[in-house]
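Right after this note come the structures.
In the two complexes below, chain A is the common chain; its partner is chain B in one and chain C in the other.
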Partner chain A sequence: MLLLLACATVDPVRESAPVVEPAGPVLKRLTHAQYGNSIQSLFGDAVVVPDDIEPDAASDGLLVIGGTVNSLSSLGVEQYETAAFDVADQVMASDELRTALVSCDTADDACSRTVLQALGRRAWRRPLSDAELDRIATIASEATATLGSWDEGLTYGIAALLESPYFVYRVELGEDDPDAPGERRYTSLEMSTRLAYFLWNSTPDEELIAAGEAGDLVTDAGIDAQVDRMLSDDRARAGIRNFFNEMLTLYELDDLSKDPTVYVHASSSVGASAREETLSLAEWLTFDDDGDYRDFFTTQTAFLDPKLATIYRVPAPSMDGFAKTTLPADGGRRGFLGEVSFLALQAHPTSTSPTRRGKFIREVLLCQPLSPPPADVDTSIPEPSDGYPTMRDRLEEHMSNEGCAVCHVQTDPIGLGFENFDGLGGWRDTENGNTIDPSGDLDGVMFPDAWSLASAVRANSNLAPCFSRTLYQYATGHAASDAEDPLIDWHSAGFADSGYRVQWLIRDIAASSGFRRLGEVEQ
Partner chain B sequence: MKPVPPLLKRRLPGVRQQHGGFSRRTVLKGLFRGSVVALSLPWLEIFAGRKARACDDGFPTRFGLFFWGNGNVPEYWVPGTEGYDWELSELLTPLSDVKAWVSVVSGMSVKLPNTEPHTSGAAGLLTGMGLDTVNDEYTFAGPTIDQLIANEIGGDTIFPSIQTGGTDCDGQSWNGPSSRNYPETDPYTLYERLFGDTFRAPGEEGVVDPSLGLRQSILDSVMEDIAALQSRVGTADKARLEQHLDGVRDLETRLAKLQEDPPDLAACSQPPAFTADFADVDGRPQISARSRAMCDMITMALACDQTRVFSHYLTDPVADILFPDASAGHHSLTHDEPDPQTEVRMITADCVAELAYLLTAMSNVVEGDATLLDHCVVMAASEVSQGRTHSLDDMPILVAGGGCGALKTGYHYRSYTQENASSVMLSVIRAMGISAASFGADEGLATDGLSDIEA
Partner chain C sequence: MLTLPLALLLACAQPGDDTAACSGEKTSTYVMSTLLFSRELDDGTSAGFNLDESVTDAGGGTGCGIQDYTDPDGTTGIDNQFAKVLPVLETTEAQALEPLIQAAIDDGSLLITLELGNVDSDIATTDASDTCVDFALGRATGAPSIGTDGLMEWYQTLARDTVSPRSEAGHVAVTGGRLEADGLQVTLPVTILGHELLVTVLEGSLRFEVQPDGSLAGYLAGGLDQAQLIELASTDNIDSEVTALVSSLLDYNVDMAPNDYGTCQQLSITLQFTAIPIFLFEG
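Now for the complex of A and B:
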């Protein structure tokens, strides 16, 4: 006992969390990925998730927040209907999937009611009321009578559950906290949904929803127990991948456009490879290494397929798919900022863009939003020529315009540090025959090249707090108000004390009042 | 023929009654700091709820928007001559075959603050309003012109409006803040929607399928859930759910209309399914082939009266797409290519050529003694004048078809006083037979149309 106490005091004593005014509830429409994961969780991984769903749009840099802001279009409603029937048809047509769903064999109204009750509880993430179940079951029995087939009837019942706003939106409206008069908290059942989408980017599984129903998820111990279980499940790996995909806008790699006459290694699949590389690294760092988030920018560990190895001019660690490797210490390339997913995405189809690369570091990695360019200003930069042979020369000319310089001084000196990487991410020493000068400074830290710039990014005092803020917003699903700053700062301080371990931060936020408490419904 | 099951006798959705005779759809009110406020904006009181103006020959008037991103190069766009004798400028040369239908409206300005390059121009032109802000992100503050028109005349067709993209794009069709109508960008999916299993050619009977009634039962259930949910959520979510409800009502209307006999229109027939492959070639999208496939379907959808309102987005603002023979992405070139911007001009002419294809296809559809194009107002525009400067003066605007004689055709009007572009929108809306009092708000407000382009 004494020993345990002694151990417990080795950790620095953490101040208690600041009390902040919580955000009010908002409806969260499932993102494309959440929709697909939820469908597969409900029916099985064999379901091919329909592709034509209303597109996600980011708000505050995250798709999940876009899902709390944007309205659904008429086409989107139509697509939900088509998708619901597509899924229901697949399930009923597959022996495997149908057997998993249909727990009774009487093929009558009582059986369809039983099936829809169980499915409804999972799909709507709460038990259906009697009236709701009556309504859905009636749809199935009417369809059975009209179409003369019990299976087809059940198809309509399944589609009805999936078209409902209770599936399409996460409804988390909270309750008065019996232990804290005047305050509101998310219900235990709602917490099962919040934890599931935060950690797994999917709907609660049976155990989680049961814990929610049992009232376990309004206590620290109950949440900790589920978070432990969830983090050790592979779905947590999918969850962290989704977070990095959203934070780093890697979904934009779907539309990566590069001119193959300029970049010989460009192809329609390089974007997907690049995303996999970055997500593999994020997953490894978070779960296998359980390491320091800041290493994401300086590690020589990389996950490459032959395509990327060719671009990086290193031996492919495997001739078949992705494998782990170590980048050479003298190759000039390391970490996320040496990856195609950053270098090519933050560039143009036929050239680099120091401005885009610098802007990404400012806005996404350091949470420093920039102003848009002023209107009615001539934004042209000189063409490559004898007078302006390199991108640096051209941009410096551009920066002689005071109106442009105000913003570009915040981006270009960073972005020019990556000029040894072309618009796809391949290494080059020269541009138009001139040796590239990749030096610059980041907030007063001078760097000679991209390798050192990675260290400067790693050491930047905004890097980890920005990550904490983004993960907090991702978890809670809202753009944090100024009132929440002290709480985010508190999480960020703990993150630093933990050695910047992402799993630690996930646990900390899952236990946070910012994740568990809410304000009144805003009228 | 199969007997019609009793389920098909269900009530049809009474959408107009539910809206008290006003606009069929909800027009979202402005979101301000996360909560919805009732804006006393003129567009809320624009409409008197009329149906589409029928032309003298009985055909309905249709509206279309053709949009491309990144503007033009004005000195190569504006014709040197005015009036009915206008001569094709370099960038308008692709329109030579349809010139008689096209009016050029040059020198017009978007009067609103240009706070966000490209976005301000798109919103300013198409809504007449400045940008709104939700969660520190810019969004359109009100409905775009295509939706204003669809709100009035879209209720009589299977699709109130359709949005299509010639490239992978988000389009510029909005119902209000944070409420966007994404275009269909896949030609195959668009074909299925318009001309798939449920398409009925003139002379055939409406769709007889008991599943339509069953699908309607599901939609009723969805509406009940939405209504229950609306009573529990905050104001902003209520508005979002109302938009969702509008989509459900649109689908209900469509299920009902599918059961009606199709209109008897001589020019309407089911187009052949196509087998073209629209995959990128050498890293470049097949912009022209894809856009033309879309435009062929739009044209037939209009000829079949499946919709009376469309918007087609060749590219989005800021799109950095590699056009054929271009050395860099379009947006990059607008900023980086020095004068005289040879490549930007080439790309702009490519965009105009796609417009010409659409207009030609419409002019080839015979309707009575005239053509489909005569029965349309097709407005073509981009979100800035010159891409390099993001200027909103001298916007590129074309108005084609004349809307059954409501607007001049084959005419060049040039403004020398930077008149408000909203006045053009107002003339177009009125040409559709809609008695609008005004268009836009604040500096973008127009209460008078541009009489110089009206017939």
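Now for the complex of A and C:
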């Protein structure tokens, strides 16, 4: 009996990962954040990263995937060139930055070559070939001769490295796997890049690139060792923040616009504050609490600044900046779905939008994509009136149209659960003098209000698998194919067994064949 | 000088005689978001308090013979002689008095808090009742957050002013969303036009009613010390004609705190306020 009890606490042996057909390689353009992080990793945080470069555009819900499918405009090429010279000029104009970069003290071609070789290895995330180094060094040498200044010549060399496709794009073509004939894997150096952008959203540091050069990153032990090191580094916190920023489209908060005549709390700073609140919670849940991902939706822990505390009608935990606090149990608000970042972003400038809020939960949190409305359908809803005083009334009228109801029935019963929160995320009991009914249902689970809806989302069987899929796609940089579904399901099952710990899932995906192997290069 | 009447009323009463706390566990805190003078209305009435607990007719034996007002609700004996002084003051450089007061509130230099402690249940309803509430006046610091409507945002957090005296008025009752407190004894250091002054108010009274939207609307009254007012009006940067005018006005209107010779030494004043719910940061 005792033996049986003891055995019951032992984790079951995990089944082997299913073998799936790996996705082919994709060329990934660095996102804005990756570009900026990489520049500062190369030269230091003092460099002001040029902001005027080709904008990011999401695909399949993620900016990193958008970077693989969206082409670069001719203007974008010029912008990268301008940005490269901007950075190079800053570095050479700063005694501190120049000293950190220029390791030799002879202003000649040999020194230029030494500097550019070292910088190129970091910038291109691999050693430059002799021919590549010759070409870059020649640019610096000729510019020195033409301009009569070694520093200006080196500036041209640095800019050449930074405007190169090998810096702006991640080129990961893989190699034949000597241990598995007929199969391909990412090279050890390519794995250093993949790990760096997955975990840190930045370029590999010296230790990681050295591990790549040593061939360590094609082994389980080598990857595990680096993932352990990387997760204990603060850059991993920045990495997970970037992932949540992309998954939840929090970057759209930069353009949050609310009608100031409707929302007295509206201000230009609310969007940035709201994003910081959500990212602080994600970072805390992942690293400090190392807790259950599903708690992201039901926790009463929050990170607030005075402005958000005012909107939430709770005491500010700090008079200056953000601090951790606990939301009251009787306040009706908890978790990410009670935050301004969700409630304000998934709303209109002058009103709430149960449809947008419900659609976000369906598509982003539960991975249940909805079809766009048919082109000939009138998507407008009735204006508030005596007959339709509340949003619920107006949407019910809208759903009397069968063409509208097909989709709205999937979104509105969820989104109406948030009607106690106005279009900025402030609490309200009434709308146009009528008491709000925030009840609804999510896939047959009835809920009386947003507090209970958070529990329903947490318990939804699609929540954790959707998160696993999104993180997998973020890591690999491509939209997963149907062929990869068994592997994602396997990761998801492990995620559940781990107690839904995000760090565990990061490790699992970093070690995954889906992250390390690739299909044939299309010619 | 212009902000003196307000500053007087920021200060603190002595703790109530009954030091045992009320039994409730909740705290409700408000900050005065607007402050106006209670003026004489067209019908000759003026809202306020019967501070000296007597009804004085012109030339009568109490209140130094200065005729009291009648409140719009019919209450007689209202002491608010500042309502008579104000129209005259407003013909001088003091005409922007109320905008200056509001500016001082909005920039955080005049944040008067109303703190209701040991409350049984939600006080912010028009029918709220609680037989025992610990009431205090205090001050807060910080730059208030102003909403897009130009008004202070509700439920913002302000820092408790731990330097300025805080008045614990003791136990009071809330009945039908209405609270009254009196006996406020006020001593407060204030800085006015660069001058550090110690101002005292005797017999201060306050009342408010909870409004349907949860805010408070009420009155705060007390007596301004004549000698201090004259001292303030005599500072270097006050026009000498204004000084003379203030001195004259006070001579004819002081109506409270008679000395042993029957000469009144204070001018009664009533302020009309609205207050919004806030939180106090105690850190």
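Methods note: the second predicted complex is superposed on the first by the 514 of 523 C-alpha atoms of A that agree within 3 Å, B and C clash if a C-alpha of one lies under 4 Å from a C-alpha of the other, contacts with A are read in each partner's own complex, and residues count from 1 in each chain.
Note that a residue touches a chain if its C-beta (ideal position, glycine included) is under 8 Å from a C-beta of that chain, and two chains touch if they have at least 3 such contacts.
Note that this is a predicted model, so its numbers are computed, not measured.
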Record, for the superposition on chain A, whether partners chain B and chain C clash or fit.
fit
Name the contact category of A:W504: first (chain B only), second (chain C only), both, or neither.
neither
Going by the contact rule set out at the top, does A:S351 touch chain B (first), chain C (second), both, or neither?
first
Between chain B and chain C, whom does A:R313 touch in the aligned arrangement: first, second, both, or neither?
second
Check the residue A:F287 against both partner chains and state whether it touches chain B (first), chain C (second), both, or neither.
neither
Who does A:I136 touch here: chain B (first), chain C (second), both, or neither?
first
Of the two partner chains, chain B (first) and chain C (second), which one does A:V264 touch, if any: first, second, both, or neither?
second
Identify the partner contact of A:S59: answer first if only chain B is touched, second if only chain C is, both if each is, neither if none is.
first
Go through the superposed model and pick first if A:D255 touches only chain B, second if only chain C, both, or neither.
first
Chosen between chain B and chain C, the partner touching more chain A residues is B
Please state the minimum Cα-Cα separation between chain B and chain C in the superposed model, rounded to the nearest whole Å.
8
Chain B and chain C footprints on chain A meet at residues 260-261, 266
Give every residue of chain A touching chain C within the complex, in rising order.
260-261, 263-267, 306-307, 309-310, 313-316, 318-319
Which positions of chain B touch chain A when the two form their complex?
5, 7, 28, 34-35, 114-117, 120, 134-137, 160, 163, 168, 170, 175, 178-182, 184, 186, 189, 210-211, 213-215, 217-219, 221-222, 224-226, 229, 232-237, 239-241, 243-244, 246-248, 250-251, 279-280, 282-285, 320-322, 327-329, 332, 335-338, 388-392
Contact set on chain A toward chain B in their complex
24-27, 52, 54-55, 57, 59-60, 65, 69-78, 81, 132, 135-136, 139, 142-143, 146-147, 156, 159-160, 163-166, 169, 171, 173, 255, 257-261, 266, 268, 348-351, 369, 372-373, 375-383, 479, 521-523
Enumerate the contact residues on chain C facing chain A in the complex.
142, 145, 147-149, 151, 153-157, 159, 279-281, 283
